[in-house]
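What follows are several structures.
Same chain, two partners: chain A is paired with chain B first, then with chain C.
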Partner chain A sequence: MLVPTIGIEVHVELKSKGKVFSKAENNFNASTNTNVTVLDLGYPGTLPNLNKEVVNMAIKACLAFNCNITRSMHFDRKNYFYPDLPKGYQITQQKTPIGTDGYVEIDINGEKKRIRLERMHIEEDTCKSIHTEKATLLNFNRAGVPLIEIVSRPDMKSAEEAMKYVEKLRETLLYLGISDVKIEEGSMRCDVNISVAEESSTLLGTKVEIKNIGSISNVGVAINYEIKRQSEILEKGDIIHEETRRFNDKTMSTIAMRSKETGNDYRYFPEPDLPYFHISDEWIKEIEDSMPIMPEVLRSEYESLGLNEKNRNTIIASKAMCEFFEIYKNDMNPIILSNLLTGDIISIMNKNDLDFGDIHLTRENLKSFVNALETGKISSKQGKEILPILINKGGNFEELIKELGCEQISDEASLLEMIKKIISENPDSVEDFKNGKDRAVKYLMGQIMKVSKGQANPVLTGNLLEKELQKL
Partner chain B sequence: MSNYLNLSLDEIHSKLVNHEIKPLDLVLEAFDKIEKNKDLNAFITLNKEAAIEEAKKLENVEVDNLLFGIPIAVKDNIITKDLNTTCASFMLENFNPIYDATVIEKIKAHHMIIIGKTNMDEFAMGSTGETSYFGNTLNPWNKTRVPGGSSSGSAVAVSARITPFALGSDTGGSVRQPSSFCGIVGLKPTYGRVSRYGLVAFASSLDQIGPMTRTVYENALLLEAISGKDIKDYTSSDKVVPNYISHLEKDIKSLKIAVPNYYMSDAINVEIREKIKEIISLLEKEGCNIDYIDIDYLEYAIPLYQVIALAEASSNLARYDGIRYGHITDSYTSIEELYKKSRSEGFGEEVKRRIMIGSYVLSGKNANIYYEKALKIRRKMVDSFKKVFETYDLIIGPTNTGVAYPLGIKVDDALKSFYDDLLTIPVNMAGLPALSLPVGFDQEHMPIGMQIIGNYFKEEVIYELASYIEKTLNLDLESGKQC
Partner chain C sequence: MQGLSIEEVIHVADLANLTLTEEEKKKFACQLQDILSDIDKIVAIDIKEEQEILIAPTENYDIYHNDEVEGGLEMKDILKNANKTSGDYITVPKVLDE
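Moving on, here comes the complex of A and B:
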């Protein structure tokens, strides 16, 4: 049987304030060619400067992915000619990557599987090329944007594992707060190496690299396509050539881009403009102490709080939602909060195109709201009426429910009074009840709701009504 | 024509302080001298208008330091804002930079006045000045001879007393060798002493900007002005810059000095060896402790240079692709053709040869065979120098194997010109400071240079000895008189 072997190289743009080697701002969305210094243009005489913030971020990633941190590291020049490469070389780390021999764990069929990382290194991004009919245009805002490249070992055996691996990287990097990790926008880029060979064989098959995969689900699509394509070739008795292929998201297939020349000759050598850089124990300790909570920790905590799996995943997948949840989870019923957050709150925000920063929902109001739902002071139906107001306008919860007249009546004495009145006014229904007709109860409940204008606490009322009827 | 620029710096300074002369007098005199010495071809670009304007501005500024208002010539591979910086290459013929090198900011802060950009070997690649796209420079001591290189124009400007000061750059001897050929004082500082920011890179791990001057005292002053930590250059050192001139009058009796046997071998012109021996006995008489010693790995200097310097150069010169600045070919149909034509047309033969060699030694398996091996030997060489400095304060010997030779004789021999740097390259490989000091003349009255090599960041000890020898010899080093 033919089985695939998959390794993945991921490039991640770091969101440091400045570029990795120049003083220019790292903001790709600024107007074209505005975040540019003479260094980014590759001017003669300019020299690179290492931005420490980038090293801090890379150390964070190393710690999160269990890498060994290279204490004495340097940079290397990767030499090649291309218009998007202003200096004629890229500053990267060939010999001394900042991180080595790490791993991440993914869940496969309820079991943990370790995917080993070979290395992680810091490098600079190139210009963004825009190809038009007449010319190729260059945006230097991206030149020198810091990247980390994370290279896995060929430890993945299926599209599912590959997707889980990439998702795990994405989620972790998101929580580290060091990247936007938006695959669709290119702040995270995946290149997949895949080969297929007989399961019994000790040798790996010929490796094919797939580039330009624009989403995590397409990582799976591309891999499955490639497994099928390569298997068919091998089953026909043909040979697979080492090559780079491009994923086409229109046809959902891979297309040959270029064959691998017999080893690209990048003429690597140590970057003489940047000396050895030392990372001390104290430095690592400092970063260790300031590490944010990682998603797997949150996941088990949320499970013990009683959140269902869907809510756990939805909240953790969005850092903004998670931050919101973290602020309030200890202040109110976390299960109700999680239901609200993943349901009504997010849908109201989406409908009004709001961010968490824009909403008027105060801590006090949210707390009162969740408590009111929990104690039955308001019904969930009433909640749906109130919540948009709390989010869009704010105000005072207590006053609001009075204003809207939707405060529930949960006072037993008042409810009993109402119940007794309705029972005495409806002797026929009481008779029906005695004859075992269920609809009698529903009818009486309806009458109570009508009289109370919907404000009677339905659960409490139901219980009291039943008790009164039993007495008769 | 006035002749203030032949006066000592202290004399010029006091005349400026006393308002006997103005900076403008010095500037106009420098331009007069350039005009009179046009045949030397020492300058590529003159900064006349801006220099005059600056000189006039300084009339209303207090004379606040010894370098105030003094004209200086700058090698054309040091970036100057709004003043063309060509590296003597067709590739950058019209390159007008938008920023100043750190050393330029520093000399401007001292109110020195840049007179112009000096001729040089193209991208500092050469030892004769003859690889310049703008034609060769002549040696003012004998106009049929080379001035040395690559800082040819800077050496000539000082030697011919056009400007008292010049900046050069030294990758394998490019300050010291022309200084020696032209009878001036030239220092290659410790690697990291002077910021390289704004020096157009040739070989980044070897390059240093250095002062080229008439006297040791002036050299020390200029070094102090341009030295120091620069946050823009990660390889610059934060070691405190000493007050160099305070060391000039120091007693040299206690100095322990080494003379490498390699520097006094048969490969060195006998007249030069004799001259160095004269100096040695002079120093011994003064009480210096001098030993002849062997330093391991010195003999590998040239192959090391050919591998390391050219490998770095091949990468450093990759940016000249015609896309953002510099020469771009007239017509092309593909990006490949754009690169090939722009670079073939833009670079001269020597530069292309060196880029090819450098690319070769980094290519595929060659990286291991040549480059990695060279780095290992370089480390060994560094270690053997460090060992010497455990015992000795200074190393002395000739700067060059010979004196300035006739123009044209090395143009067709790509290898020969490297051998000019036999005695200077080890210093760059180790990152040490070294100075070339004129110590006499050969029978044809061509200057002979002595090299004084110091320990890391011990330029003041070099100056201490150089100042003593200079004072004792009291040579007449004004080149213009002979021709």
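Moving on, here comes the complex of A and C:
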């Protein structure tokens, strides 16, 4: 049987204020060619100077991904000729990557699987090229934006494992607060290396690299396409050529780009314009002490709070949602809160195009609302009526439910009064009940709801009605 | 010492996207060989494995800046030295392979 072997290289743009070697602003959304210095243009006579914050961020990532941190590192020049790189070389770390031999753990069918990381290094991004009919247009805002490249070992065996791996990286980097990790916008970019070989073979097949994959789900699509394509070639008895292919998200397939240049063609050598950099134990300790809570820790905490898996994943996948949940989780029933947050709250926000910063839901109102749902003071149907008002306009919850006539009647004496009245008005149904017809109870319940305008607490009313009927 | 072959000169020229005349190929083969011979002298120096090789002509290590942002160039200066521009962009001949 033919089996795939997959390794992934991920480039992540770090969100330092400035670029990695110049003091131009690092801003994805700025207008074209506005954040550029002579260094970013590769002018002769300019000298790079390393941004310390970039190293701080890279150390954070090394710690989160269990990498050994290189204590004495330098930079190298990767030489190639391409218009997005006017100096003719990219400053990167070939010989002394800041991180080596790390790992991340993913969950596969309830089992933990460790994906090893070969290396993590710091490098500069190139400028952004836009290809038009006639020419290639260059925007230098991206030139010199700090990147970390995370290179996995070929430890993944399926599209599912690859997607989980990329998602795990994305989620961790998001919580580290060092990148926007938006794959769609290019602040996180995945290149997938994949080969296919007989399961019994000790040798790996010929590797093909896939570039330009614009979403995590397309990582899976591209891999499955490539497994099929390569398997068909091998089954026909043909051979696979080492090459780079591009993923096309319109055809959902991969297309050959160029035959792979060999590593030697880049003629790496140490960057003489930057000295050695040393990372001390104290520096690492300082960063270790200020590490934010990682999603893994939150996930197990949320599990112990009783949140279901879907809610846990939805909340953790969005940092904004998670921050919201963290603020309120100890103040009210966390399970109801998680259901509301991942359901009604987010859908009302999406419908009205709101961020968490825009909503009028106060702590007091949210707390009263969750408590009212928990105690049955309001039904979930009534909740759906009230929540949009609390989110869009605010106000006072207690007054609002009175205004809307939503408050449930949970007072036993008033309920009994209603029940007795309905029973006396419907002797036929009482007779049906005595003859064992279940729907009689439902009919009587319906009548009570009608009389109470839906405000009778349904659970309590049901219990009381049963008791009254048994007495007859 | 073996001289640099014409094939090697062509390969290096290809990597830099340069087209050389036959005459230039021979000329650069000699010149590149001279550079390599000088490098060989450095390579021949016996250094211990654990010795840190000086990569930058300075002993001032750990020189950083602290994530400060300073205003960049004005657009007209960014575009000034480009052969061709289009709107706010620097333009280059269409690149086909990516």
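In this text, the second predicted complex is superposed on the first by the 468 of 472 C-alpha atoms of A that agree within 3 Å, B and C clash if a C-alpha of one lies under 4 Å from a C-alpha of the other, contacts with A are read in each partner's own complex, and residues count from 1 in each chain.
To be clear about the criterion, a residue touches a chain if its C-beta (ideal position, glycine included) is under 8 Å from a C-beta of that chain, and two chains touch if they have at least 3 such contacts.
This is a predicted model, so every value here is computed, not measured.
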After the superposition on A, what does A:275 contact: first (chain B), second (chain C), both or neither?
both
Pick one for A:134: touches chain B only (first), chain C only (second), both, or neither.
second
Given the touch rule stated above, what does A:89 touch, chain B (first), chain C (second), both, or neither?
first
With the two structures laid over each other on chain A, which partner does A:104 touch: chain B (first), chain C (second), both, or neither?
neither
Quick one: is A:50 in contact with chain B, with chain C, with both, or with neither? Answer first, second, both or neither.
both
So in the superposed three-chain picture, is A:445 touching just chain B, just chain C, both, or none of them (first/second/both/neither)?
neither
Across chain A, the partner (chain B or chain C) reaching more residues is C
Applying the touch criterion given at the start, work out whether A:370 contacts chain B, chain C, both or neither, answering first, second, both or neither.
neither
Does the superposition put A:38 against chain B (first), chain C (second), both, or neither?
both
Once the structures are superposed on A, label A:74 by its partner contacts, choosing first (chain B), second (chain C), both or neither.
second
Can you give me the overlap between the chain B contact set and the chain C contact set on chain A?
38, 41, 49-50, 79, 81-83, 88, 265, 267, 270, 272-275
Spell out the part of chain A that touches chain B in their complex, as residue ranges.
38, 41-50, 77, 79, 81-83, 86-89, 263, 265, 267-270, 272-275
In the complex of these two chains, what residues of chain C are touching chain A?
15-17, 52-53, 55-58, 60-70, 72-73, 75, 78-79, 84, 86-95, 97-98
Chain C-facing residues of chain A, complex:
16-18, 23-25, 31-38, 40-41, 49-55, 72, 74, 79-83, 88, 129-140, 257-258, 265, 267, 270-278
So, in the complex, the side of chain B touching chain A is made of residues 78-79, 85, 87, 92, 95, 97-99, 101, 196-201, 203-205, 231-235, 311-312, 314-315, 317-319, 321, 323-325, 335, 339, 359, 362-364, 367, 371, 375
